[in-house]
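Shared between the two complexes below is chain A, which pairs with chain B and chain C, respectively.
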Partner chain A sequence: MAEFALRLRRYDPESGDAPYWEEHTVELEPHRSVLEGILQAKARFDGSIGIRCSCRAAICGSCGVRINGKPGLACNTHLDKAQRGARDGVIEVEPMGNMPVIKDLIVDMEAVHWKKIRRVTPWLIAKHPVPEREYIVARETMVDVTQTMACIQCGACVSDCLAMEVDPEFVGPAALAKAYRFVGDPRDSQTSERLTDLSEDPHGIYDCTHCFMCIDACPKDVAPMSQIMRLRRRAGSDFGIEDANNGERHEEAFVSLVHTYGLLNEAELLPRSYGGNSAIAKFKPSAAKELASSLPSIAKALLRRKVTPGAVFKPHKLAKADLKAIDNIYKEVDGRPERVELNLYISGHDED
Partner chain B sequence: MKVAYWPGCVSRGFTPELHGSMARIAPLLDIELVALDRASCCGAGVIAEHSQELADTLNARTFALAQQADGAALMMNICSTCQGAQSECQERLDASAEYRAHINQTLAAEGLSYEKGLTNKNFLWLLVEEFGLDELRRRVQRPLTNLRVGPFYGCYIVRPRERLHIDEAHPRDTYLDLVIEALGGTVIDYAGSHKCCGFPIITMNKEASLAQAGRHLGDAVDAAADCLVTPCPLCHLNLDLQQPLAERVVGRELDMPVLHLPQLVGLALGVSPGELGLGRHVVKPTAVIDWTTSVVAGVGEAPAGG
Partner chain C sequence: MPAHDVLIIGAGLAGQRAALAAAQAGASVAIMSKVHPVRSHSVAAAGGINAAIAIDDDWTEHAYDTVKGSDYLGDQDAIEIMCSEAPGEAMHLEHIGVTFHRNEKGELDLRAFGGASKKRTAYVADITGQAILHVLYEQLMRFHETVDRYEEWFATSLILDDRGHCAGAVARDIRNGHMEIFDAKSVILACGGNGQCYKPTTNALICTGDGIAQAYRLGAPIMDMEMVQYHPTTLAENGFLITEGARGEGAHLLNSEGRRFMEDYAPNKMELASRDVVSRAEQTEINEGRGVGPDGQGIYLDITVVPRKRIHEALREIVNIGRDFAGTDITREPIMIRPGQHYIMGGVKTDVDGQTPITGLYAAGEVACVSVHGGNRLGANSLLDTLIFGRRSGEHSAARAKEMAMPRAPGSRVRQDAEMIDAIIARERGGRRISEIKDELGRTMNEYVAVYRDEEGLTKAHETIRRLKEESAKAYIDDAGTVFNQDVLGALELGYMLDCAEATIVAAIERKESRGAQFRTDYPERDDDEWLKHIDITCGPDGDPEISYSSVTITQWQPEVRKY
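Up next, the complex of A and B:
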């Protein structure tokens, strides 16, 4: 047995009082979970502590909380590890973020998480004719979506999504991972419709800031951000969906500028992301409007010589021989009949 | 120490003061930079979003060139985004011999080949893990006494932890704090230090992007920071270059200077603000420059509190 100090965030909206911290010391084996610590505090010291839990085995997804400021499941976080990660030796537990608190460590999953899950039509819309018995597909065609199937809907990724922090309307990591579950399913009939919907939504796939928070948050290695990138790949490259959010244009411009220059030509990236992938993009009305709104920044950058006219009109470029090598790589890879992708979740690492 | 040096694109494009300040301070730290001037853009995650294989091949080429750099102990970059994007590709390349062979087949046309196990470290990691904080302390000419510095890590250099080998033995997500301390400065704790600057969605959702930048800058202002320091030039673009626009979105004056890591190190090593390109920032680092002149003038003891 060892002693562990817990600092729990308490809050009861019905009381009218502000949230406050409360400390309890529990006695448990170090390999026991933070959830068991909370339940002991509830049993021994204060029966009013609010925590949602059920399976205690990282399957049901009920006990999502923030431990020492990081999201995860209370039931699969060891007390000793949590203590080592604590700022002052006291394990801090608070409710998940981005969702309203119902009481103490319990958040309103319905208000945010489940609404967003429903937003992506989370069921299979089968191709017709629907077979009378089971739908038989090749094993390889389903392997790709097994990673998203591992999701237990705990909301840990939603809790710390940095895009949602500033844009609560963002569809978010859990729901978009769920969307890929069906976009990647060969039995689904609405692939193009799903992708168009999520590309055109200003809070859809192109609203993800690529911050990796959800990858670290997920207790089941679903890597929601990687699924969002898969959605973008399918939307932009496979279906050529030119969305209203500049998502596809930005990617296209980036990839093609590196092809041409070997390096990123920043001065061209912005206008092409807005106006389309060509040198005259900046003169298009859609681009001009966006660029004009950036004028205060651009003017100051030029004034301070942060951005020099040289960088704008004579961008950096690799030597000819290297550009030729880059060109060969592009041709070789883009010329493949099928995309080559390695998903380490499925293939794992070599043993050596 | 000799390193295969990958400066990246932005450090030579829209933030030329980053590459400039790194080149200026390298000799003061006995770091010899062998520039990888044949290497291409890392793809910043965007090329991988388009085609994983394309990003992996381009970066494998960079890694192969680094492995050819004569006498270089390792590869060093000065951009968090390069670190993150390249680490992602390297993780796949190192994970599977079969996949590596497939990628190397494309590189063979140029006579290049990537061998598993390259060490590629951002300047921040190199400073702490190779150069050492004790040695850094010894080299300080002008300690950052009373300078209140907020670390801005951004995303690509702190997440995902497993891929970037961040653990209890290598707390790389605290290194900026350690460096600020070693240079004699005061580390400012504020909410945004490990959050996203918003840059990746600046063309897709400008409002949200600038709201992110503005919120973190505002948090730093509220914590009474004199400046921020970042290892990422893309964060610098959103936090400094876009700051006038971010001010409008969050509806408050910010006026928060944002320094590149080599600039902050350079100041402590005694290099003048002008040589480090501090005058090139959109937000004038007045507080920082005033501090350097007051210390150089040696006006008795620094005022208490700061």
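Up next, the complex of A and C:
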């Protein structure tokens, strides 16, 4: 047994008072969970502490919270580990972000998380004719979508999604991972419709900023951002969907610039994203319009020497050997038969 | 005031399946749960769902395995229905989107499971319950126009009309404390078992026997309550579940001598004998000093014999559980387990359409006792039970709704329940805390009403429960609020648990034989002449349990000696 100090964020909506911190000391084995610590405080000292919980084993997804500022499940975070991560030795537990707080550690998941889930048409629209028995599908496909089926809807990824902080309308990591579960399912008949829908939505797959927060947050290794990237590749490479947000062109430009120069060529990125992925893109009207509207940003970039005027004509380029190595990476990735590289169930752990 | 043809309380697999079936049959449906539906305990079912879909399999073999698994206490008419409808139900799940894993030919893959003569368990890695639950919830979202969802509402009592028919329920919106009457032509209880009567248990904190106790208090008989399943592989330290799928994939059980001791108890099926058989074998090894771990109270489950790639693909969840809750890498070393409370075979007595003896009241899933599991449930039959009888309850209640008018429950019922809740909040400080009583209940049940039982221990447990009942009536709470007052709900749940626990103990004392999960050291033999019958418990006028019997339905399988 050891003692652990917990600092819980309390909020009673009926009191009229602002949220406040409250400390409790609990006694438990160090490898017991933060949830057990909170439940002990609730059992011994104050039954009014509000936290959703049920299974205690990281399956039901009820107890998503922030511990020492980081989102996760209270039930699979060990007390000793949480204590080590605390800034003053007191384990801080507060409600998840990006969602309104109802009471103490309980947030309104319906208002944010579930609304977004419903946004992605979250059910199978089966191919017809429906067979009498099972659909015959490749073995790997079902193992593949299992990674997104493993999502327990805890909201930890939603809590700390930076894109959602800036754009609350962003469909978000959990719902887009859910979308991949159907896009990756060979029994679904609406693959291209789903991809078009999520590409064209200004708050859809191209709204993600690659910050990796959701991958860090996810207690089940669903890796929502990886699923979003897979959606993009399905949309762009497999279905050739060129969206109104210029997301696909932007990504294409990014990839081919790095391939060509070994580094990102900032001066080319914007015109290519809007005018098409070639060197003459900057002379197209659509790119010119975007360039004009981006003049303030361009001016700032020039002032801070992020880009130089000369780079427009003579971009920085890596040495030949390095470019060759980069080219090999591109060949290797393009040469893979199936896009299963991001799926833990399939490729994460082979024999030692 | 909400009024629906069918009101379903509980939104796990049984409840959601009932809701979808009733809605499809044209009924107006409400589904209510004290937690968000995907938090329901069905989510924890790991291993799979049984269905005789292989070419060389037949539902009668599945039925025979189930009858034998039940130690002949299961009702064979119900078992025949469940097993014959299983393949169709599995294909239905496949068609609405469950991502069942496939074999190399792209067909549904099947894994071996305990007590089964063939591989017949369809699965999604080791998150089968979660996958099915989430897919059913997808369907509820799809059919949101025909199924009203009341998520995070707590049913406080069931209502009878003046004819004695069930006519709805009173419920509290957990989010704001608002109390409401739900009129309904039929009510389907689908709110799970009462595993929280035990400590430790694999069951979630929400499994507090609410539906069993509410039906019991209303006058419905509850049956087979003495049959409490101890799962052979729960984490030694805290009772978390390690799926039977591990043994299905080939894992071994080892005692302190490093020996596969199951060869002494079930030489043919070894680790894949029925759960009661394996749990008893483990407990015997432990009792005779061949347990492992510092206190000798554990057994080793050796999963390292399963290829690592297969573990990561098919048993990923228990890799996580081993890592997070036992500090063990199950791909490299054995993990310490022991038998732990897992499932309640008993419940509210129903017929094969989910009807209880109270007109208008149905039950399906773990809350119910059809009885398809009898003395011992086979692994991967519980998901099947919830879906088959959930669907049948939904269909039957929807058909019933077409022939009757909407009953009106008296509005005074809301006031009655609101006053009951206010009275709990107003209790004076001084008695014991709810949490202390719950803790003592769990430890008592796990000590005396476990794998091995005898009259002395059971009687002691009964005395303890009687005392806890008195103490619980005075137990105080801290939260006086209306928003998410989990404290007051905890007091109600404690009352439900104590009712369920008492029924279990009374039935266990009554059954003077050993059958299935009930092993009486003072009556170690099965006695078909005297005890091939169900024990029904009803709530007497003074609130005490009363015992009666009902016969076991036998269609084609006469009781035989049970060997694995």
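We take it that the second predicted complex is superposed on the first by the 303 of 352 C-alpha atoms of A that agree within 3 Å, B and C clash if a C-alpha of one lies under 4 Å from a C-alpha of the other, contacts with A are read in each partner's own complex, and residues count from 1 in each chain.
Operating definition for what follows: a contact is a pair of C-beta atoms (placed from the backbone, for glycine too) under 8 Å apart; a residue touches a chain by one contact, two chains touch by 3 or more.
This is a predicted model, so every value here is computed, not measured.
**Student:** Mind working out whether A:Ala43 is in touch with chain B, chain C, both or neither, as first, second, both or neither?
**Tutor:** In the superposed model, A:Ala43 contacts chain C only, not chain B.
**Student:** Just chain B (first), just chain C (second), both, or neither: which does A:Arg133 touch?
**Tutor:** A:Arg133 contacts chain C only, not chain B.
**Student:** By the touch definition at the top of the document, which applies to A:Ala175: first (chain B), second (chain C), both, or neither?
**Tutor:** The answer is neither, since A:Ala175 touches no partner chain.
**Student:** Regarding the shared-chain residue A:Ala86, is it in contact with chain B (first), chain C (second), both, or neither?
**Tutor:** A:Ala86 sits against neither chain B nor chain C.
**Student:** Which of the two partners, first being chain B and second being chain C, lies in contact with A:Leu8: first, second, both, or neither?
**Tutor:** In the superposed model, A:Leu8 contacts neither chain B nor chain C.
**Student:** After superposition on the shared chain, which partner residues are touched by A:Arg56: those of chain B (first), chain C (second), both, or neither?
**Tutor:** A:Arg56 contacts chain C only, not chain B.
**Student:** Could you give the residue numbers on chain A that contact chain B in one complex and chain C in the other?
**Tutor:** 344, 348-350
**Student:** Tell me, which parts of chain A touch chain B in their complex?
**Tutor:** 84, 162-163, 165-167, 170, 202-203, 206-213, 215-216, 229, 232-233, 236-237, 245-247, 250-252, 254-255, 258, 262-267, 270, 273-274, 290, 293-294, 296-297, 300-301, 304-308, 311, 315-316, 318-319, 322, 325-326, 328-330, 332-334, 336, 339-342, 344, 347-350
**Student:** Considering only the defined contacts, which chain A positions touch chain C in the complex?
**Tutor:** Going through chain A, the ones touching chain C are 12-14, 31, 42-44, 46-48, 50, 52-62, 76, 78, 102-104, 106, 109-110, 117-118, 122-124, 126, 130, 132-139, 141-143, 145-146, 149-150, 152-153, 181, 185, 187, 220, 344-346, 348-352.
**Student:** Could you list, by residue number, the parts of chain C that touch chain A in their complex?
**Tutor:** 35-36, 38-41, 43-44, 53, 91, 94-97, 99-109, 124-125, 127, 130-131, 134-135, 138-139, 141-142, 151, 175, 204-206, 238, 240-241, 307-309, 312-313, 316-317, 320-321, 324-325, 327, 433-436, 477-487, 490
**Student:** Using the touch rule from the top, collect the residues of chain B that touch chain A in their complex.
**Tutor:** 9-10, 12-17, 37-38, 40-41, 43-54, 56-58, 61, 84, 91-92, 94-97, 99, 102, 106-107, 109-110, 155-156, 159-161, 168, 195-196, 198, 200-201, 203-209, 211-212, 215, 241-245, 279-282
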